[in-house]
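Chains here go by letter, A, B, C and D, matching the order in which they are written, and residues are numbered from 1 within each.
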Amino acid sequence: MSGSIFGKHFTISTWGESHGRALGVVIDGCPAGIPLSIQDIQRELDKRKPGAHSIYTSRQEDDSVDILSGVFEGRTTGTPISLIIYNTDERSHDYDDIKHIYRPGHADFSYDQKYGFRDFRGGGRSSGRETVARVAAGAIAKKILSEFGVQITAYTYSIGKICIDMGNFDKDIIYKNAVRMPDNKAAIQAEELIESMRTDGDSIGGVVECTIHNLPAGVGEPVFNKLEAVLSKAIMSIGAARSIEFGTGYTLSTMRGSEANDNYMVTREGMVKKCTNHSGGIGGGISDGSPITFRIAFKPTPSISLPQKTITKDMKNTCIQVKGRHDPCIVPRVVPVVEAMTAITLVDLLFQHVLSNIDLIKKALL
Amino acid sequence: MSGSIFGKHFTISTWGESHGRALGVVIDGCPAGIPLSIQDIQRELDKRKPGAHSIYTSRQEDDSVDILSGVFEGRTTGTPISLIIYNTDERSHDYDDIKHIYRPGHADFSYDQKYGFRDFRGGGRSSGRETVARVAAGAIAKKILSEFGVQITAYTYSIGKICIDMGNFDKDIIYKNAVRMPDNKAAIQAEELIESMRTDGDSIGGVVECTIHNLPAGVGEPVFNKLEAVLSKAIMSIGAARSIEFGTGYTLSTMRGSEANDNYMVTREGMVKKCTNHSGGIGGGISDGSPITFRIAFKPTPSISLPQKTITKDMKNTCIQVKGRHDPCIVPRVVPVVEAMTAITLVDLLFQHVLSNIDLIKKALL
Amino acid sequence: MSGSIFGKHFTISTWGESHGRALGVVIDGCPAGIPLSIQDIQRELDKRKPGAHSIYTSRQEDDSVDILSGVFEGRTTGTPISLIIYNTDERSHDYDDIKHIYRPGHADFSYDQKYGFRDFRGGGRSSGRETVARVAAGAIAKKILSEFGVQITAYTYSIGKICIDMGNFDKDIIYKNAVRMPDNKAAIQAEELIESMRTDGDSIGGVVECTIHNLPAGVGEPVFNKLEAVLSKAIMSIGAARSIEFGTGYTLSTMRGSEANDNYMVTREGMVKKCTNHSGGIGGGISDGSPITFRIAFKPTPSISLPQKTITKDMKNTCIQVKGRHDPCIVPRVVPVVEAMTAITLVDLLFQHVLSNIDLIKKALL
Amino acid sequence: MSGSIFGKHFTISTWGESHGRALGVVIDGCPAGIPLSIQDIQRELDKRKPGAHSIYTSRQEDDSVDILSGVFEGRTTGTPISLIIYNTDERSHDYDDIKHIYRPGHADFSYDQKYGFRDFRGGGRSSGRETVARVAAGAIAKKILSEFGVQITAYTYSIGKICIDMGNFDKDIIYKNAVRMPDNKAAIQAEELIESMRTDGDSIGGVVECTIHNLPAGVGEPVFNKLEAVLSKAIMSIGAARSIEFGTGYTLSTMRGSEANDNYMVTREGMVKKCTNHSGGIGGGISDGSPITFRIAFKPTPSISLPQKTITKDMKNTCIQVKGRHDPCIVPRVVPVVEAMTAITLVDLLFQHVLSNIDLIKKALL
């Protein structure tokens, strides 16, 4: 195993290159008995597809998914589910120029250092196109979580310095604007910013925020598999992610304990309530029943058409203007990927939680 | 496996509670032939011990380590290495008060939700004391890395709002001040800040920065086991860590591609050089040979003696003033833990890298 | 992960059902730089295909394999290799009768007990057809082993009570007779026996023997991952396998130490030689450089057309005559599967061995 | 991880050498809430201790176990359980002679080939003494299984050619004779046989049989983690095991399908019954609710005092008479080890089974 397998119980094994024949994922560990249709998966993949808007790449992939195994008469059988998405709009010849040149900000150089050579067509395995398989697997994870009422909502928090105003927050509009913001006013500004980047031949970064509601208390494991640790691995494995913070995050480093601690109280209805949620819903690495929140910063798309200094494989200085079709800002397209990786992680840890307590195991088996 | 095992090749299995008999770690996957003495491990443990300074907890543990297996005539044998550190200064009765009360900011509530009950003595397994086992294992990982010239340096970057000045950076003084800062001027201010927190019965957070030098290019695996992803899991599993960022980190979200991309050049000596290092030494999840940098924000110590609102196990509102012996700022003590987790992660991924390329395998075996 | 993933370093994730759309495997952990063509894989799959001979099933699958990822310009890239084999000759309606009936000797009953329902078409995932994915992955493992000179040879040792005579052993004829025996005389008798079973509507079991030559000493890990332990898991996971023995095997239980111990000597040429090889080439779970041998007993094909007593899903006694197309003896078809599982296991443990010794790791990296 | 860690959910990490300071095991993944005392573990360890009888080794270890973590107020906490057993009767100097000589039938040669050197004192990690940690962990696994009514019974089936008569089977006498046979008549003969071996300076092999009662149907996973495959790995990892067979085992290879298939029937009480149990309680790799049976053949103890030809580390022919204290037949002492490994495996697969079906997971969590 060298990096394309994720998860202990709900285990996904992804494969495929940007300009290869197809991409896909095999899921081993999906329990039997879950209703599952192609539409359940296609719906999520469609969220990841570039829209018709000019701020997106002009590469137009259908991203039609096919279920090759593991589902019988509309339900999962408990055996591996194989999903495939064929590439239809690849144009490998766009990349002949970069066969021997290292694009700044890309994986070209480090892949060659590791493997000695690389599939240079569109970045091969290092392309953001691999995330299509994550979203496909995430769709199934979401189906499982829906059985337990768990809800995941990710959205664009900022593009460059344009940030949403929480006062305008409207979950329903996230997928109704091109930038996946829950704030229409900020969305318009962000679209303009990205559009100007495209015109300049440049690109821009941004931040995605994600919240989890209704996750039961008790999910996450002590010491190394703390909920925030496993989520960090899942999310920071998305290309271009450069930081992650939970709850009040980085700011907690400047706070006093008396400010940062979330006090508990019992409500009149007899429910436990936290007076604040600086911890982002996690205590000792384990969910405490309150909403979980985290933010991820993404760097700007490295593919830009402005000229850049770089080197060739045979160690000559040169200059490059990256061709090919690219999103000038990847943040909007990453939003469903963040949801997918979150869902996959939660299913894995939720299943692990079942085994943490003999009472739960006995409830299941006896 | 439910969370106390870490690593695929260099696998550490840690155990022990804050006020139990002992703590320890079993390392499976340490190669044969590495010179190893008790002193190699004790030296690292001593870095983690609270100093004599008043900013530290008054709990004084020897933290003397013993090697129970896996080393013969001064060298590792390739079989499991068992390390043990006995508790000597535990005072469990300090915790009788909290048997039925949930301390804000602690794992008490979520542990009870998960397991139904908990070892309440000093937080049991959720105590920062568990990191003694990480540091012990990390000492062996450092020995391995030293064979390849890899150097890891962590230090306190800020306490509250007091931040080091990179112009004053002096690696040699990190362990010569109580706050583990590489800047004496900032260190004095930080000590005063922590001291004032202690007097107030309060606590304060801070940030640790870590740099890795001389890691060869090629370390890290595509897709899910990117170097930053695996490091994030390792580091975010340290209790109280609330955010992590690599290279220029969060700021990259506001930058343009033309600013953020690190251009390559060939030096006169024929070496590859990156003109900048915004990426923090990682491309496509794989080390590129330049220094790796990351920063971790830690929340303030949750144990404070100021009164806090909270609840009892039987769901009554109450008030608590936490007793026991605690560090008013955990950041200085976390510095060697960050180094340890980094070392363990790097050994694991370095070993994985050997298997990524048939040429390397053939060099080893033929 | 629930059972369709195998291997730690060279990790195969298989999927597919007997009468589904396709079957396949994703291999994660195949090193970069290995020459690989479709023909390399097809050659092994063809060994597993039923021949034209009447002793085989009449189901005729092409078993044409396609490489969907991980290979670029004729070499492996170090990223996941996805292989697919489409089903072309499935006839699911053959199985409508058994939808509600449990076939004796099959997995029908236990699958229903585990999952609540099952894909009944040809046994679904429990069909021997899943081994096509093992053989495809095994072909790549064999390519890797060939770089190190390791040779695996499996053959039919016995069918019913007809056993090969080692005096007639000829490796070159194994695939020149329908029963995969290295002894032509025994092969003729065995073909007749199977033919008579087919006529009777009955079936017969047999034994496969496997030898490994040129495996370097040192492969296998102490305690739980002994070479014979890992091989046993790999081989006993093949449907219908009921026993495995290494070297002199079961007979060793009746021997004295003075008979069973393999004495060492140094030859005139200065080579280590074992005077006997009762241990089958393994000492303390680690290869000793001499040939490794093991034998696996397979039960008779459970699908027979003779009437059998059984029950329905709704718990009624009934009688069944199994239709569908089946091999009256699966042993000949299992021979390449044994080779494949052996190859996959050896690659995994060979890679593990590289990491067991700091000298080997330094040879690779420095 | 290089071989001393076993199990996915109930994960044991064992450590220690024959003549080191201590041996032990860390168990990660034991659910919270299980009553556990030192006596529960000591009872099983005592079964493994050599008796006072002359057929046993004269090395007398107390094998007193200590629980260092993971248990609080008499119940498991869900965090790692660390168990330690100190060596008290080691006599390392017994082994100075073999420092440079390879004992036939032992791991000395292959360990040196693998690691370059070895802990030669009593075989170090390759000694049968490592099984003390397996039995300690197995005791906890048995406690868990007892919650579900699962019963494991292993016993000596044969010593040399002396085999128990099933007509005399009496489970209650297994630990009342020195050879762990459920047949007193055979036991007397077997004791005599072993005694004569001891007098001769020789040793003898034998067979252990194990049965599992009351395991619910549905345990075991398709394809690679079939119940017999995982059990085979567990059991064949016990030093000296040379073969394993399930149910009717090797004999099935000579049977017809019409003989070998186990027919189902519904009893008058409405229960499913198998008319025979040739399959040994497993169908398609999954338990079917009937008793599971398997037999393991062990080779004779390699340590014998008769002179044997062998070689030195510097490649000279020589002769050896093995000193030290040894059992002339290890079979009786292996009986509780077989039970332990079986218990550990069953717990792991039972836990896995909970996650195979969404209905079971919902029963646990909702």
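Just so it is clear, a residue touches a chain if its C-beta (ideal position, glycine included) is under 8 Å from a C-beta of that chain, and two chains touch if they have at least 3 such contacts.
Here the structure is a predicted model, which is why all the values come from computation and not from measurement.
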**OP:** Starting from the Cα centroid of chain A, hunt down the chain whose centroid lies farthest away.
**Re:** D
Subject >> Rotation, 0 to 180 degrees and nearest 5, that superposes chain A on copy chain B via CA atoms >> reply: 180
Original post:
Once you count every C-beta pair in contact for both, which comes out on top, B-D or A-D?
Top reply: B-D
**OP:** Please report how many Å separate the Cα centroid of chain A from that of chain B, as a whole number.
**Re:** 26
Original post:
For chain A and chain D, what's the span in angstrom between their mean Cα positions?
Top reply: 45
Original post:
How big is the gap, in whole Å, between where the Cα atoms of chain B centre and where those of chain D centre?
Top reply: 38
**OP:** List, in ascending order, every residue of chain A touching at least 2 other chains.
**Re:** 1-5, 8-9, 14, 29, 32-33, 78-79, 114-116, 125, 222, 353, 355-357, 359
Original post:
Which residues, counting only chain C, touch chain B once they are in their complex?
Top reply: 8-9, 29, 31-34, 76, 78-79, 144, 147-148, 216, 222, 350-351, 353-366
Original post:
Contact residues on chain B for chain A in the complex?
Top reply: 1-6, 8, 14, 102, 104-111, 113-116, 125-126, 130, 158, 160-161, 197, 202-207, 217-218, 220-226, 228-230, 232-234, 236-237, 239, 241-266, 270, 272, 275, 278-280, 282-289, 297-304, 306, 308-311, 315-317, 352-353, 355-357, 359
Subject >> Touching residues (chain side chain A, partner chain C) in the complex >> reply: 1-5, 7-9, 11, 13-17, 20-24, 26, 28-29, 32-33, 66, 68-70, 72, 75, 77-82, 84, 114-119, 124-125
